[in-house]
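Shared chain: chain A. Partners: chain B in the first complex, chain C in the second.
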Partner chain A sequence: MKTILIPILSTCLLISATAQDANEILKRVERNMSSDNRIFESSMIIHGNRASRTITSRTYAVGDKQSFTEYLSPAREQGTKMLKLENQLWIYSPSTDRTIQISGHMLRQSVMGSDLSYEDMMDDRKITEIYDSEVTGTEPVDGRNTWILDLTAKVTDVAYHKRKMWIDTERYVPLREELFAKSGQLLKRTSLSEVKQIEGRWFPMKVIYKDMLKQGDGTEFVITSVKFNQSIPDYIFSKAALKQ
Partner chain B sequence: MKLAIKLAFRNLIGAGLRTWLNVIVLSFSFVIIIWLKGVMSGWDQQAKTDMTNWEIGGGQYWHESYDPYDPFTFSDSHSPIPGEFTGEIEKGDMEPYLIAQGTIYPQGRIQSIMIKGINPNQSIFMLPAHKLDTSMTDAIPSIIGSLMAKNLKAGIGDRVTIQWRDNQGTFDAAEILITDIFTVSVPAVDQGQVYIPLDRLQSMMGLEGEATILTYRNSESPVVDVPGWTHKPKEILTAQVDEMIKMKTTGQSVLYAVLLLLAMLAIFDTQVLSIFRRQKEIGTYVALGYTRRQVVGLFTVEGAMYAVFAALLSAAYGLPFLAWQAKAGWTMPVDASDFGMAIAQTLYPVYSAGLVVSTVLLVLLVTTVVSYWPSRRIAKMNPTEALRGKIQ
Partner chain C sequence: MIKFLFKGLLRDKSRSRLPIIVVAVGVMLTVFLHAYIVGFMGDTIETNARFSTGHVKVMTRAYSDNMQQIPNDLAITGISSLLEDLDREFPGFEWTPRIQFGGLVDAPDESGETKSQGPAMGFGMDLLSESSGEAERLNLQKSLVRGKLPGSPGEILLSETFSRKLKVNPGERVTLISSTMLGGMAIHNFTISGTLFFGQEALDRGTIIADIEDVRMALDMEDATGEILGFFLDGFYNDDLALSEADRFNATFGSVSDEFAPVMKSLSRQGGMGTYVNLAKGWSTYISLIFIFAMSLVLWNAGLLGGLRRYGEVGIRLAMGEEKGHVYRSMIIESVMIGIIGSVFGTILGLSFAWLVQEYGINISGMMQGSAMLMPEAIRARITPPDFYIGFLPGIAATVIGTMLSGIGIYKRQTARLFKELEA
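For the complex of A and B:
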């Protein structure tokens, strides 16, 4: 009985989702995931071949265009700060007391040995503006029903030509995402979990990034506290704030 | 003068071991200075020849935005190959290069690379570009340098994934197949460089018919002023070698100075001792009608003759040694690949006639000055006191 019900329910869900424009789904996802600004503290757990490292940080972000991150621990990284303004990125290192702009091949390097590269942090446009989307199926992920959305770039200047997203049908939160190269090769996979309702929105508190071309078990990104729509002074998003 | 030389020769031979110790020390300076200068000259020649053969040809035209020391410029450093060069390119006398930044994933590790598109039929560079099998479709044929292969822990026939962003910034990835590994002493050609067919890179980047650098074969080719491209003659492209050699030569001058100082100290001491011990002889010369200047000249010639003896001794054992070095070369005890300069692990000294003559003249001049310096005391001597052997 159960084996018959699941495909029937999935088909019904797919029909209703197709009816519901994929764009509409993404807009609802954006409403959950985006905010005017946010302040959050997080732990980044980098799983290496031999051991794992945990790096904690505090981030101030306005939309997707401005962000300021200060690393809090371990002692080696403490005081390192990162500032992103539109498509420019600077890093301040307290040990050398110098600020450097990350550019060119340096953008391709990983952030503190994680599966995230600096250039992954640089794309800041809304998904609906740069991708055509289509609901192509349904699939349960971590016990929750999801729509599978295939996204194909509708503009040429986009980092990933194709993306695949698994969106929670009830909470409108992505639970998995895959990023593909132009050639179709899978480059990155992101798994989102521990979805909590915060200030009226559903928000994933844990994200696992995996660079599929790189060895290792990926990088866990756990948000320990998050506050939306706070008042953040403008000076935070200036190069001068890096040395303070 | 002839008599002075004859007397000086007799005196030096008569002094025996003292003379030969001085001559041996001075001859070491001769041989070491000539050898070191030869090594520098050999490095200069080798670096420039290797750069010409592997990297810069007879000179280059760079896209006006291209600056190898500024990664910000790389993504915009390309434009269509100017029509002015079509003839030269067709004749094979000019080769376009396209340069793109990328990432390579050897055994799941991540490394930044420069992907260089090169014509597989080129004949300007010694790169084994003909090994880029363009008929291959399932992977991109590529050649890499031996240092790069060592870093990647990869060999011929290995497949490695590379990732790049096209001209619009979109990520793309594909496998390369290493079809050949070459050995070169120019790090800029080897470290972090992956060579693939030019048309393949142009299509991967969406930059059909475009290039970053145009290299011509003949350094005598007339310079064409092309808007958007900057001409870089060979002298400018090898300027860093000249600067490095100039810097190293300055550093080595200290060593030459120390070697000469040791030799000159010995000659100076010998001269002072001679003047002190040979006062009766000096008095006799004056009594026989020598002017004081002639006596000073005699002692100066005697001192300078050390340099002549040293040159002859150096020729006796130095010539075979220097000739053997020029053939066998000098292998540096440390890994030269980490120097970041066009420097081979084994350097072959090159000695020019100018180098040998200038070194001999320099040592002769310094020895003469050092010999003359203590001899000036003779001019102040009282001849009668000197004849009596009284210390003055």
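For the complex of A and C:
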């Protein structure tokens, strides 16, 4: 009986999702994931070939266009700051007292040795603006029902030509994502968990990134505290703030 | 009889002096040229060894599997103790750690903003220790175009072409942006001490060289290194020995299960060098064989002439009643003596000249001016074990065969006609 019911229920869910339109799902996801501004502290646990290390940071962000991150620990990274303004990225290193713009192929480098690249941080366009999407199925993830969305880039200047997302059908939060090259090769995989309701929105507090082309066991990104819609002074998002 | 023949040779200078000189000169040329060819053919191997592969190289197993990518995240750690082990267990090598790395060199303007940037290929090597031979090994002093070699921490060498591209000069500061051993971003300031000209486009495009301690600090590689290069103390690559020493090391220190266990690879097992080593071996053998064959013809001819020149003497000896076989055998024994004496003298002379060229080389700096740092200023011969016996092949065999061939005529001479011939 159970084996008959599950496919029937999945088909019903898929019919209702298709009716709901993939774009509409993504817009609701964006409403959860983005905000006017936010301040959060995070720990990035990088599981390397030899050992794991933890890097903590504090980030100020306005929308998806502006962000300022200050690394708090370990000692070697302490005081390193990163500023993103639109499509430009600068990094300040206190040991050299230099502010260096990260551009070109440097954007493909890993952020602090993690499974994230600077390029991943740079694309601040809305998903619905750069990808065509469709609901292709349903699947339970970590005990929750999800819609599977296949996204194909409609612009050429994207890091990942195809994406596959598993969206929580109830909370409109992605629980899993796979990022593909144009050749179809899987480049990265992310798992989002510890979804909490904060200030009326559902938000995943833990993301595990895995660069599939890199050795190691991936990078855990854990948000230890987050505040939405705070008042952030404008000077934070200036190059002068990097040296302060 | 041998003593009698030997005395005869000593007393009759016409039978000994010229043939011995001819054999000695031929053997000397054979020995010298063999050593020269081996040295010359080995030059490219040595150039690669000095710059990149070493005669042997110690890395982690994981690093060695991805050597082309220079994966410093797979570097060897705890190298102080490993270097001690290598010095103790493998004293036939000089060991030196090196770090190869990629990155970006950023030159600031007056306000500290980026003035210019370019991708760089870097080498960290021991430039500041008094006992280090790295600067000499790479001929860095002679390749300086401007400035000086690093004399204190924090100094760096740039290729001249790269420094012009970045519009920077010795004394100015540049920032290296690279990845640490743990994969994080490495940003480190250096002062340019000098610029180098390599004469090879790939190297001139963006090479930087710094002291290994500075590179360790920049890339967070404390007590670690990407590679440990080993060089034979005599400075020449010996493939058989390198292979056996690498096998000995891997049997002692290697581990199949631990990807970070050290592994030693001989030069011939790194990249395409194996093909070149085999090619060099083959070519030096072919060229040597051709020369030995040519020298054999010359000495054979000398033996023939010697035999024919003694036509009259042989006639008198036969007329006096000496047996043909006895005359023939005595001439062969004499040629063996001449061959041995000539070969010994020739080998000694050939080895002496080869040693001089091995030690001092033939200076080609005039021809190579401004072209290649990695090419040595002098072409050097290389004395190898075959040089001690290779000259005896043409020296004895060809002389004896020549005498044997010319001596066949003895059996064709008729006693009845001997006096007629002698009267003539």
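Please note the rule applied: the second predicted complex is superposed on the first by the 244 of 244 C-alpha atoms of A that agree within 3 Å, B and C clash if a C-alpha of one lies under 4 Å from a C-alpha of the other, contacts with A are read in each partner's own complex, and residues count from 1 in each chain.
Quick note on the criterion: contacts are C-beta pairs under 8 Å (C-beta built on N, C-alpha and C of every residue); 3 or more make two chains touch, one makes a residue touch a chain.
This is a predicted model, so every value here is computed, not measured.
In the superposition on chain A, see if there is space for chain B and chain C together, and answer fit or clash.
Result for chain B and chain C: clash.
Looking at A:Arg76 after the superposition, I want to know if it touches chain B, chain C, both of them or none. Which is it: first, second, both, neither?
Touch partner of A:Arg76: chain C, not chain B.
Which of the two partners, first being chain B and second being chain C, lies in contact with A:Lys126: first, second, both, or neither?
After superposing on A, A:Lys126 lies clear of both chain B and chain C.
For A:Met112, is the partner it touches chain B (first), chain C (second), both, or none of the two (neither)?
After superposition on chain A, A:Met112 lies in contact with chain C alone.
Identify the partner contact of A:Ile91: answer first if only chain B is touched, second if only chain C is, both if each is, neither if none is.
second
For A:Thr99 in the superposed arrangement: first (chain B), second (chain C), both or neither?
In the superposed model, A:Thr99 contacts chain C only, not chain B.
For A:Arg53, using the defined touch cut-off, is the partner it touches chain B, chain C, both, or neither? Pick first, second, both or neither.
So A:Arg53 only meets chain C here.
A:Lys154 in the overlay: touching chain B, chain C, both, or neither? Say first, second, both or neither.
Once the two structures are laid over each other on A, A:Lys154 reaches no partner at all.
So in the superposed three-chain picture, is A:Lys65 touching just chain B, just chain C, both, or none of them (first/second/both/neither)?
So A:Lys65 meets neither chain B nor chain C here.
Quick check on my understanding: which residues of chain A belong to both its chain B contact set and its chain C contact set?
105-106, 109-110
Over in the complex, which chain A residues touch chain B? Could you list them?
103-106, 108-110, 119, 153, 156-161, 179, 181-183, 185, 187, 211, 213-216
Residue numbers of chain A touching chain C in their complex, please.
46, 48-50, 53, 76-77, 80, 91, 93, 95-101, 105-106, 109-114
Can you check the complex and tell me which residues of chain B touch chain A?
Interface residues on the chain B side: 71-72, 74-75, 101-103, 105, 107-110, 112, 114, 161, 163, 165-166, 168-174.
Could you please specify the touching residues of chain C with respect to chain A in the complex?
Residues 62, 73-74, 77, 104, 106, 108, 112-114, 119, 175, 177, 179-180, 182-185, 187-189, 220, 260 of chain C touch chain A in their complex.
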